[in-house]
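Paired with chain B in one complex and with chain C in the other, chain A is shared by the two complexes that follow.
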Partner chain A sequence: MNFPSFNLLMQSILSGVFIGALYGLIGLGLGLTWGLLRQINLSHFGLVFLSAYLSYQMATAGHVDPLWALLILPPAFFLFGMLMQWTLSKFAITPFNSLLATFGLTVVLESIIQGIWTADFRRLESAYTSMKFKVFGLFVPVPELITFGLSVGIAVAIWAVMRYTDVGKALRAMAEDGPIAAAFGINQKALSLFLAGLCAALAAVAGVCLALTFTLAPSQIFAWVGVVFAAVMLGGLGSPLGPLVAGIIIGVSEAITMAVASPSWAPIVSFSLLIFMLLLRPGKG
Partner chain B sequence: MDKTFSGILAAGALMASVPWLGLPAFYESFLYLICHWIILAMSWNILSGYSGYFSFGHGVFFGVGMYTTAGLAGKLDWPFLATLPLAALIPAVLGVLLGAVVFRVKAVRGELFALLTLAVTFVVATIIINTRIDGGPGVYLMSVSVPKLGPSQPSSMYLMVLIVAVITALIAYKVQQSKLGVGLFAIHDDEDVAEVMGVPTYRYKLLAFAISSALAGLAGGIHALFVQYVTVGETFNITVPLTVVLMSCLGGSRHWAGPAVGAVLITTMLYFFTAGNNPVMGKAVVGIVLIVVILFMPNGVMGFFLRRRAEQAARRSRDAEAGRAHAPPAAVQPEPPALQPSLPTFAPVATGEVLLQARGLSKAFKGVQALSDVDLQVYKGEILGLLGPNGSGKSTFINVVSGHYPATGGTYAFEGRELVGMAAHEVAQSGIARTYQIPRPFMHLTVLENVILSAMFGGASMNRQQATEEARRCLSFTGLAHKAESLPDDLNLHQRKFLELARALAARPRLVLLDEVLSGMTPSEIDEAIVLIRRIRDQGATIVFVEHVMRAVVALCDRVAVLNHGKLLAVGPMQQVMSDPAVVNAYLGKPHA
Partner chain C sequence: MKKIDRRSVLAATAAGAAMAVAPAVRAQPAPIRIGSTLALTGPLSATGLTHKLVGDIYIEQLNARGGLLGRKVEWICKDDQSKPDLARTLYEQLITADKVDLLMGPYATGAILSAMGVAQRYNKVLVHHTFGIPSLAKYDMHFPAWSLGPNPQVTVPNTLFDMLAASPKPPKTIAIVTSKFPSIHFLSLGGREIAKKRGLQEVLFLEWEFGNRDFGPIAARIKDSKPDLVWVGDIGLEGNMLLDAMKKIDYTPPMNFHLYPAPGPMSKSAEGRGALSLTIFEEHQPFVSNPVGAQFVKIFNERATQAKLADTSVETQAAASYTAWQILEVGIKGANSLDDKAIAGWIKANRIDTIHGRLRFDGPNNYGDDLMKIKQVQNGKWQVVWPTQFAAPGTRLQMK
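Then we have the complex of A and B:
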């Protein structure tokens, strides 16, 4: 145990907030498909990495500003997500089997990524990489700030849509009881396609953010599974704001653990939190 | 010793001859991996496949076993074989401790259980890497000597893992055949009903968890010596849990041999693809195979073949049925086919002896008093009708007496024995059986197996053979004999209600609680059921009968009790109770004269 200076502590809390925002952004799409479509979509992680590698490729080979990728990749991924849902809907698939099938898809995506970009680490270098500014004696890196802004903005927007629009109400009704919702005239099939597309598009956005802030390797895909699952479970399945809040709680508690104890102790915080949440209020899951 | 048991032993003996065949060493390491994954997948299946508690934490028990051997043999210089008992015991204790906490929280099932066990993996990994068990650099076992079993070191490793694989297969098979296995499969389908029918669910889950963890730990202990260098990163990742889940689902998790089939298929695929020229392509192919299998064979390879066999059997029995042609369906036969001869026939007169005595029995749900201070006696041999408007506490009374809900106040005694505070399975074993208003059969068990389960676990606690005979008798008694091999999905509502009755009967209860068995039946089906219920009483059972169909109540009940808002309004003979002003008020409202 060592006690870091106040400034260092604040800096690590800030970095915890930033990484937590990325946990939340990745968890958002995962939690929505899980809560509303009853699918545990492991391939979400594969799609995040595919999007990250594509923006890396566009920035390195095409010299395209990574933020342009935000306009190109999400629509393309939206179509892919719809296609995937269309295929899955042909089979009556249980939540658990969806986990297995999408795990298979993740393995395929991992092989594709490894086949194209090799197993080596890749780093997206862009104008934003080293951009940062100082507020109240704390460094604020720009790529992280972009991630944070996107994560909060999208989560709030989806929350508002779910809360106030007819589509949002239809989605919530469908999640509650699909057949009954259908009997009240809700087009379940179209909604599911839309939602799956949306979640894939969210994976694309998260991928761009990941490429902006992290070094990429195909083997890293599964490294994110545990902690993002924890954020989704803590935040509540199908909740738009929950994963963001839970992600930030996890990120900050990890950052404080790293500063106070050592980086290798960090995982114990999020997973102990997850275990306690599951045991104390399992109904929320 | 039965055929499958000796078959497993023979296959093991055959496999054990490989090291002396003079094959290249490559075969031994390949077969080692196959046996290794067979142990992990089969042991996972004993808890997760049988009981439906899908664990993603199998890597913990494997890893703890691995680190037990690595620590004791690699750091403290214990002889390798001496470490193995502990490599099995420590994971088993860990599994029991984890289960003792987790299984108390009823809602942690399905995906939640999977996640919780996954989280435990990372917590244990973090503890190991930060303490002296590992500390970061990993543990070497280069200097640990391999026990000499075969002509060479790799063959000795292979023989060791083969022995454990054979033991695992025998255990997995025996568990599936045993009472434990029957109970676990019932837990898979409907844990609450299993408990009410006498399955000690909590104890069974713990036992399965312990067996499963011990075998995984054993595989880990051997694997530590095989890889010779143990690190946290290579041990506690999601490869082990994901691979075993895939293998079991691919092979079929409802059959003891399914995981072994999956393990052979996946290990072979991975081995040849990754050993080939294009390992990346190989991985992608495995992924694609997985997707295709899950989509087209959701029950796995064994499940696929078992279902086909079951379909053929069903077709054969249908053909046989058609052969017997014009015989009337068993359900409406006027003569009861073979009434249980072993039971004495009681005179249908109440003896005056108290069987069930409730004193001040109460049950509150967060402020709603569903049952309030009920004093009720049920006499041996009678049929007591429990009446009252909807929401008056009739079903709650049954749920409390059967132990499904704990009472919040009062006591009740059965045959003089206090039952308050007992688990539902103990209540069932003491001789009380119940039916559900909306039938809740075990959907993956055949009609016959549904009834066998009740005979094995209920008050009668018969062995499998007696239970099977008893179940057949109960099925023909309720007119379902021709449906014995069907799944509950094939039954209509009326047949499902009779299956509920057959299950209750097979436990040979002294008290049967019938919860609206007649609701939803047609008038002629009700007539059949009335005859049946009367016959159940004639066999010596006492019946508490919740019903809205007044015709049946009048025809059957010796006495009736009326509940309203959780309170007992009146008890006594039908005529007397129905003219009681409180009862008239409850049903018709106060007169405004």
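Then we have the complex of A and C:
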């Protein structure tokens, strides 16, 4: 173990905050579907990558600024999410079965992506790619800052909606006890469609952010599953702010491990943290 | 007189035609069937598709030349999904159910090792493309197309350090950062040993798990250690991600060497400029002075463009793949037989001319010479810079 300079440590922590914000953004839609709809939607990762490839295509072929893609893709994905939920609602699907069904859908999405863009690596080059600025000796890359801003903004907005609006209260009531909520006049079907659409739209936003920062390959869909699941479980199912906070905790703990000890220890530290927190959290069991 | 109806005439005509065609059909010998798997899906598929394209081109050229031993050649290629365990099952199937005549190796090291076990069990020759750990290849009828020699952990670093020692500003300090991916890690550890023996001061040594996403802290530690040379034990996109992370903290390494980067993304990215790596073949003289190599480059460029591959150039993977088919073809013709032992005996006893040089298989574990060269990204293209006799015309090592 070595002791890094203050600047190195802070730069590493900043890097961890940024990657953690992306974990949180991807995990937000997954956690809401899991917690409120009782569906473990693995196809969320496929949708994130589909959105990333579409924003790559729009930027490369159509010269569309990736931030404009944020206005186009989420509404389209909202409709797709509703359609998917409408189809799934035709079957009495348990959470475990939803895991299998949406895993199959993820494989289909991966094949579609590979069929269109091949398995080769694709990189979205935009005006933001090389933008950065310096604050107190720390470099702040603009694409990561955009991701962080969107992640925090969306998580807080959804938290506020869930807490202060009738729709949010209805969603929480539905998750708590569906039949009782229905007895009070809550339209479960419509709310489920809305929530599934919202989560798919969140996947679209996360996809644009992913394309801004990372080189894409279809098979990388599954590389994000472990750490994002950890962020969702640590943050709490159905919690709007939890995955973001947990994602940042994981990102920062990994970054500090890399800066202070060995980068190869980073996954051990973050997953040990997950086990530790799950053991100690209140209300376990 | 008995009337002949239309149905009888048609039947008689059909029978006559069948009899006329039958000898011709019988005279056409059954094709030689060569079985293999490739990573057509999964994490290794970007490179797997290159091998598929090369195999298709080679079989087409081979059949246009008349095939092998007077028979056409058919290639049965299955998708191992980048999974070594599935590759093992599929090779068993190819031998026992599909009853192929011969085998060709899969991609990459893990799958090749699986296929080698099956080939050994059934005494089949296995020529393979890019196997990364020669010391693990114990089977006496395997033949590597990637000429990295029996001890690349010694010879590869020496080639790099020889070049740098001959440069105007040899490095004095080195940072070694490496993935723990098996075929990468052992080469980086070799590089570490050789660097020490040659008097380079190690200012940083870091390892990361394959699949790491956040390269920011690693980039910051490299910047802090101020090395003259960064040895990056990377595979696929890891090198690009690290250079990206360095750029974000406004750092450009004085010299950076990468083991197995994704060649297209590295050469096309701005931060890849000046990056060094390894190769056995690039699309320039003297490699394309060989007419077979030149023709292959031309066809591959066309087909890769049609297949919408982002990187359409021929480098190590495509060249090793073509070489593997060349070895098998020459082995069969030399032995004048499909008998695996006869083919293996002939390959081992002879030297084979391929698009990336003359290969031999009589060394430890059937490895011959290390023919690896050092290449550098110059003007958005990979160009060989060392050894100088293989350097692209008018090209030499560029220092930052």
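Criterion: the second predicted complex is superposed on the first by the 281 of 285 C-alpha atoms of A that agree within 3 Å, B and C clash if a C-alpha of one lies under 4 Å from a C-alpha of the other, contacts with A are read in each partner's own complex, and residues count from 1 in each chain.
Please note the rule applied: contacts are C-beta pairs under 8 Å (C-beta built on N, C-alpha and C of every residue); 3 or more make two chains touch, one makes a residue touch a chain.
For clarity, every value in this text was computed on a predicted model and none was experimentally measured.
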Which superposed partner A:262 touches (first chain B, second chain C, both, neither): both
A:122 touches, of chain B and chain C: first, second, both or neither? second
Which of chain B and chain C A:114 touches, first, second, both or neither: both
Chain B versus chain C as contact partner of A:103, first or second or both or neither: first
Which superposed partner A:215 touches (first chain B, second chain C, both, neither): second
First, second, both or neither for A:165, with chain B first and chain C second: neither
First (chain B), second (chain C), both or neither touched by A:251: second
Touched partner set for A:187, first chain B, second chain C, both or neither: neither
Footprint overlap on chain A, comparing chain B with chain C: 110-111, 114, 262, 264, 266-267
Partner chain B, residues of chain A touching it in the complex: 40, 91, 93-97, 100-101, 103-108, 110-112, 114-115, 222, 225-226, 229-230, 233, 262, 264-268, 271-272, 274-275, 278-279, 282-283, 285
Chain C residues within the chain A interface of the complex: 41-46, 48-49, 82, 180, 206-209, 211-214, 216-218, 220-221, 223-224, 236-237, 240-241, 245, 247-250, 262, 264-265, 268-270, 307-311
Residue numbers on chain B that touch chain A, as the complex places them: 54, 101-102, 105, 107-108, 110-112, 114-116, 118-120, 122-123, 125-127, 129-130, 136, 237-238, 242, 245-246, 249, 280-281, 283-284, 286-291, 294-296, 298
Parts of chain A lying in touch with chain C, wherever the complex brings them together: 4-5, 8, 11-12, 14-16, 18-19, 110-111, 114, 117-123, 130, 132, 134, 139, 141, 144, 214-215, 217-220, 223-224, 227, 251, 254-256, 258-259, 262-264, 266-267
